[in-house]
Amino acid sequence: MADGSDWEPGEALRGIAELDLDRASRRGYPEAVYCEGKTAEQVGAIATEVGARGARTLFTRAGPEHAEAVLAQLPDAAHDATARLLAWPAEPPEPTGGDVLVVAAGTSDLPVATEALLVARHLGRRAEIVVDVGVAGLHRILSRLDRLRSARAIIVVAGMDGALPGVVAGLVSAPVIAVPTSVGYGAAFEGLAPLLTMLNSCAPGVAVVNINNGYGAGHLAAQIAEPHGP
Amino acid sequence: MADGSDWEPGEALRGIAELDLDRASRRGYPEAVYCEGKTAEQVGAIATEVGARGARTLFTRAGPEHAEAVLAQLPDAAHDATARLLAWPAEPPEPTGGDVLVVAAGTSDLPVATEALLVARHLGRRAEIVVDVGVAGLHRILSRLDRLRSARAIIVVAGMDGALPGVVAGLVSAPVIAVPTSVGYGAAFEGLAPLLTMLNSCAPGVAVVNINNGYGAGHLAAQIAEPHGP
Amino acid sequence: MADGSDWEPGEALRGIAELDLDRASRRGYPEAVYCEGKTAEQVGAIATEVGARGARTLFTRAGPEHAEAVLAQLPDAAHDATARLLAWPAEPPEPTGGDVLVVAAGTSDLPVATEALLVARHLGRRAEIVVDVGVAGLHRILSRLDRLRSARAIIVVAGMDGALPGVVAGLVSAPVIAVPTSVGYGAAFEGLAPLLTMLNSCAPGVAVVNINNGYGAGHLAAQIAEPHGP
Amino acid sequence: MADGSDWEPGEALRGIAELDLDRASRRGYPEAVYCEGKTAEQVGAIATEVGARGARTLFTRAGPEHAEAVLAQLPDAAHDATARLLAWPAEPPEPTGGDVLVVAAGTSDLPVATEALLVARHLGRRAEIVVDVGVAGLHRILSRLDRLRSARAIIVVAGMDGALPGVVAGLVSAPVIAVPTSVGYGAAFEGLAPLLTMLNSCAPGVAVVNINNGYGAGHLAAQIAEPHGP
Amino acid sequence: MADGSDWEPGEALRGIAELDLDRASRRGYPEAVYCEGKTAEQVGAIATEVGARGARTLFTRAGPEHAEAVLAQLPDAAHDATARLLAWPAEPPEPTGGDVLVVAAGTSDLPVATEALLVARHLGRRAEIVVDVGVAGLHRILSRLDRLRSARAIIVVAGMDGALPGVVAGLVSAPVIAVPTSVGYGAAFEGLAPLLTMLNSCAPGVAVVNINNGYGAGHLAAQIAEPHGP
Amino acid sequence: MADGSDWEPGEALRGIAELDLDRASRRGYPEAVYCEGKTAEQVGAIATEVGARGARTLFTRAGPEHAEAVLAQLPDAAHDATARLLAWPAEPPEPTGGDVLVVAAGTSDLPVATEALLVARHLGRRAEIVVDVGVAGLHRILSRLDRLRSARAIIVVAGMDGALPGVVAGLVSAPVIAVPTSVGYGAAFEGLAPLLTMLNSCAPGVAVVNINNGYGAGHLAAQIAEPHGP
Amino acid sequence: MADGSDWEPGEALRGIAELDLDRASRRGYPEAVYCEGKTAEQVGAIATEVGARGARTLFTRAGPEHAEAVLAQLPDAAHDATARLLAWPAEPPEPTGGDVLVVAAGTSDLPVATEALLVARHLGRRAEIVVDVGVAGLHRILSRLDRLRSARAIIVVAGMDGALPGVVAGLVSAPVIAVPTSVGYGAAFEGLAPLLTMLNSCAPGVAVVNINNGYGAGHLAAQIAEPHGP
Amino acid sequence: MADGSDWEPGEALRGIAELDLDRASRRGYPEAVYCEGKTAEQVGAIATEVGARGARTLFTRAGPEHAEAVLAQLPDAAHDATARLLAWPAEPPEPTGGDVLVVAAGTSDLPVATEALLVARHLGRRAEIVVDVGVAGLHRILSRLDRLRSARAIIVVAGMDGALPGVVAGLVSAPVIAVPTSVGYGAAFEGLAPLLTMLNSCAPGVAVVNINNGYGAGHLAAQIAEPHGP
């Protein structure tokens, strides 16, 4: 796979997108294409260019029509429908740095949690997931203390009351990345309630990202768990 | 102390308030006078009438000037400046029914928690308080499990992330009354954040009252822990 | 029906949910599975495990596809489409404790009110329902005073102005559990207006749960009306 | 008192205000000067001009410094400090049209209710006030049914849950003007909660004005109760 | 048509609705059935009862399926699909009292404005409508001054900036009933923007009802323009 | 093309819309018909009148059914489906005044940006567009400095964090018109987040219009870049 | 006055502020120092540097203590206490470009309107002000049509309903800069209501800036009315 | 300094606070006492206990009266009035791990930025600060690229539009911790605007903490820059 440094945008892309060619060199991480709000044609044109320049790329928030358009151009890309994510090339790089642990409060939080998990892996970290660990049954958290304490960065995905990240942060020394989801009854207000809970966490060490933003959480975790010299 | 049933409002009260004379007989609980927004003169006039009819009464959200006005008329009333509460007569009735436990997440929640505690007592329940039991240090909660499980109604007072009531509710079978407080950093939005957290509690069994409404929580706890025939 | 204490999770459940096995012993009430946001496959897998361990379980917020998946595994479960609820086993336990009364302000509030009613019954209480008792026609409330006063816990379900719980609480000594619904014109803001009304109730004794959360209300009512020794 | 029709603005007023000279002739009601946000000097200059042109005028939301500035120019003006209102001339006109009834839910709502009462009188209506008639004690409302039903327009002033206007509207055929006040615990959000309650009133016939806007309510009531030919 | 006073609810209605039988006698206006959130079956059952008791009734916010259910039971009812309104009997009563004028700011506001118009007529007032009179072209308003000034009550329906009611109120002496609609670009926030504008109207004499609540506006206008003795 | 000055509205239009005939003479810009919330029939009737009077007109926020209705009456109108815009006549006038530059932060912002671009052109300005210039890659902005500095008015369209307009404004002396879009993750709250960002821009010189309001931005840009005598 | 191009920051400024030295050359307008949230000492240190480099500078949102600190260093600066503005040098430059007109809806809007007026003048435009022109009395606007139509940019400052900018924009061809103020009753929500009104203006041609941001409005007006070659 | 492991709470502390004794051992970071909402007496009692057990402790959000109470008990504590922070012991530990860089957008953000800076140092990191680097002058950021790229964690403190963290994140590979402040004009809504901006950052790699929460940011940065084995 080439590094894309001497690549020129093709005709199809003109007027709809300008890829951030040097992001990998400038920031050290591959580019991601946010598909929501783009037409399938636009995403397809971008996928063509991605194939042409040969640099590792993620496609996030991809609906079925976006996925189809990407796979038409990059048939060997990996696609996870739950996470609404495509990755090209399909294989993540060899993992380096510290471990990332993703914790999902409930089964309904799985799409966002899976997106975070896969992003962390495609950005070069070893990452695992634990599901259904809500604060209503503390024993489910407490029985995972060892695993929680061995991670360099922990992503906690939760809707409803969003209380889990603060509880986890009180038990570990690694930073906790909190992702609110739009899961829950009316006064969860599409994720506003867990978002506010997380921002107000009593325990320090909680970093909050946008509602349902599994991509952002996975990216941040990969940065935090980056390998550093001794 | 008379039961107030044949009492007539005095002249001073006309045009400013109408006491709910039969609340005790109708609902079984004494009346409370909400002082905020009333002038000291108005509160003083009400206190005079309270003394005249002789029925048990609470004065809530009483600032120093309100307290002074009440004590001028009812010098033997009890006054707790932290809770901003006055009670007349000063002594609570002999406790009946189940036990009430008040849990305050932090020291800053003490004014509201104390109001709830005293109201429960003046409405006829045995009530105790536990302070500084935040979710950031779970061991502080877990070490009180026995005490939590012996209460018929538990009031949990918390600001910031407001996560404590949900955690407590997951550990007990008694109903938990959650009181959000306006304690915390900016995005707590004067109690909105813990209010939403509590309404969205993952654990069932959480009843929410208004921000800083210690009085309402104490009243509700007294009703829940009411004695009933076998 | 076994008590589930020596049950082990089956293969199908791994990675999607972890049932709170000891909730019945820890809290005294059966577990409920919140279906919204879960796929039919995930709910079906959970239903399989529920059947295997044999403990009483509720499935809430179940759409038609969730109901189908549950009934495929637990064909003798009870299903109420209005309340979006399934219960297994179908029969509620023999009722104990005090009576629960559910009051629905309008016909449009019936789905939420019915969920609360059925949950209270499946958690072991005698529960009845009264419909269309809005504050715009006070005579409809006043003509039910005896019934209201005989309940140990009253659930009031209302959208629009959400004024009914406060009016009812002013008439009785039992606690009132207020459930706002997302019924109404624009400025009801999907239930926010009745939620705020209920939180600000002038009458003490109003406990508020989340918008449309009939399950939470039924659960709380069952806890409040729990039988206690003399 | 002249009708102001041939009046010219004095020098002091230039650059700070332009009085709506023909409002009385155009709309049939005198002008009101909103004092909040104006300096005492500005209000004093306006008062001078009011005296010069000789037309009936109200000064609303007047703090002590505004009142002093008005009274220095118009020493025979009427001043009600509770209502923060000044009226010149001091005497209301001879009442015509239907009766206006002002109902205040609680003592804390008196400032706003009094403003509404006085404005209705100064705009030419017979107006009376009833205080402390909250929904928590329905008997207090029901005992006033005759008085409520004799009014052509009813103003209901309430904070907290704001439920009173809807209950009153369900009992009468006259229009109800609802005025939310900023009285109450945290989640009343400075009047937002009663405002929403009133806008969502189940009973039709409720007209809502701004939070604490007693002036607007009194004005509207005077217009509704205006005399009309047979 | 009978007056419904000796009517008994039929079997089909039990458990889903309780009609407010004496509203006509108590308040002087017929009942309205709010269809949104009710099933077609429930609305049909109510329509059957309406026919049985024979009292004038409106069905508001009726979707196609509700309309079909009503017309199956009351084939001679009037149906306006734009206003989502059904009226039975189809003919409004002979008009009495003052005139009502409905002003719609734009064509998109027609559904709500038409609902208000028809409700005012079915409640016994002479009512007319004027369309597309936004503040962006003042000449369109100014050319209707005579018509505006001849009405006893004016309903102004507007979305977007909601500025029209205040401008109209500044030109007339009759009360203006302002109805915000959910018409407009993003920051209209589904009617919140015009709602706030109307509540903050600089001109006194503006009464606000809920977003899109044409029914409430028509009802209020009918009450304001009620005939009174000389 | 006639100037419409002696045109009379046709029969079909009565009761649904009143065109602002003299807007071109009064304000110097053609009228625009906002299609959202109008039926296809209503839009078709307006198109007929537009053809009859012969004055330049835009149709904004036109869905496919609106477009079809317009094109049936004005088959030579221009239609851009992305921008949801129709223009009649199809050709913009000869450009005068200064240049307008439209900058779109991302591909998903193209519909709104294209609407702004076309409106500016149809109102008589030379206008160009630049796409995908987000703040996450500053080099993409900095490489366009010359082009940015040559425009008399710059429209910047952005969702998500909405940071681009402030960054651009810090680099140029021309006014920047900021258009927030409803593109982004949950806490963008349908455009509220970029709207607030733009209103709070650190750099002066940012004028904000409504969320997704490409029409308003294009109109404003045309006014700012209007030709003036020396 | 030097142009500041070869100036070096003094010692006192290190660690508290970094002046944007080349803003005048880069953007063509002088720098402004926002005083709110800065200590008097910090503002004084900045003033010292301003004097040293000799470039035109404004100090906005300056409280009395800030003004004192500036005048101690720059005794010949102009200070307007109403507008909370200081300008150095005191004299505005010779005016060029088109005229700016500032319109204040009410006397209470004067502080913000005056800030806009003075900023436009100090940025090199001829600027005048008109006061007390609310929409409640349209004749006050209509009598100024000539003056409104002669301006190249119009700033409209309004609180409460914020309706004035839209009405003005409907009458002129110049762009209107709308400035919401925090003047008004409760539901104005500190300026949120007029802000939303202005963003939703029916008339195109309205550019909105932040609440109370007179500085931003004056700056934007100066940019719009900039002189351009023929 | 002792490690506090065998310490027992003194009498004065009972009933007001329970220190989290083993936080240092459990999480690796010292405890912090949040002073806001606590009385000076309560803070003084806590300070006494801190001295008795001898473990490193911070006091955050300390007003002058809190500072006095702490210094009375711990006269050798460090106190920074701008940051409202006290630290005991006064000297930070010897720095380990990666570097932390604090960037303040403006001078008004200094109190929050300084709190973050000092907390990072007292938690064991080397930390520096850069001030007045807003997005309105990009050259100020670009000239610091080397310094930005050498940090292991970057804290960016900004009010108003809150755009700076996203711009910085686009330039570096280290995680950016964004702290919104309540600095700015009205529509900044006490920090809500920059909070939303930061949550919606286009550039991945932005972790958000609560408004004005410099303590949380400093703590998180210290965790991220923690030393790890090779």
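Every chain is named by a letter (A, B, C, D, E, F, G and H) in the order it is written, and numbering of its residues begins at 1.
As a convention for this text, a contact is a pair of C-beta atoms (placed from the backbone, for glycine too) under 8 Å apart; a residue touches a chain by one contact, two chains touch by 3 or more.
These are the chains along with the protein names UniProt gives them: A, B, C, D, E, F, G, H = 1-(5-phosphoribosyl)-5-amino-4-imidazole-carboxylate carboxylase.
Model, not experiment: these values are computed from the prediction.
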Listed pair (C-D, D-E or B-H) duplicating the F-G contact set, over half by residue number: D-E
Rounded Å distance between chain G and chain H, as computed from the means of their C-alpha atoms: 35
Mean-CA-position distance for chain H and chain F (Å): 45
Chain B and chain C, separation of their C-alpha mean positions in angstrom: 27
Centroid distance [mean C-alpha coordinates] between chain F and chain C, Å: 50
Multi-chain contact residues (two or more partners), chain G: 106, 136-137, 170-171, 184-185, 187-188, 192, 195, 199-200, 210-211, 216
In contact (per the touch rule at the top): chain pairs: A-B, A-C, A-F, A-H, B-C, B-D, B-H, C-D, C-E, D-E, D-G, E-F, E-G, F-G, F-H, G-H
Touch list for chain B against partner chain D, complex: 15-18, 20, 22-23, 34, 36-38, 42, 180, 182, 190-192, 195, 210-213, 216
Interface residues, chain C side, partner chain D - complex: 105-106, 134-138, 142, 160-163, 166-167, 169-171, 184-185, 187-189, 192-194, 196-203
Chain A residues within the chain H interface of the complex: 26-29, 32, 98, 152, 170-175, 177, 195, 199-200, 204-211, 215-216, 219-220, 223-224, 226, 228-230
Partner chain B, residues of chain D touching it in the complex: 106-110, 129, 131-133, 136-137, 139-140, 159, 183-188
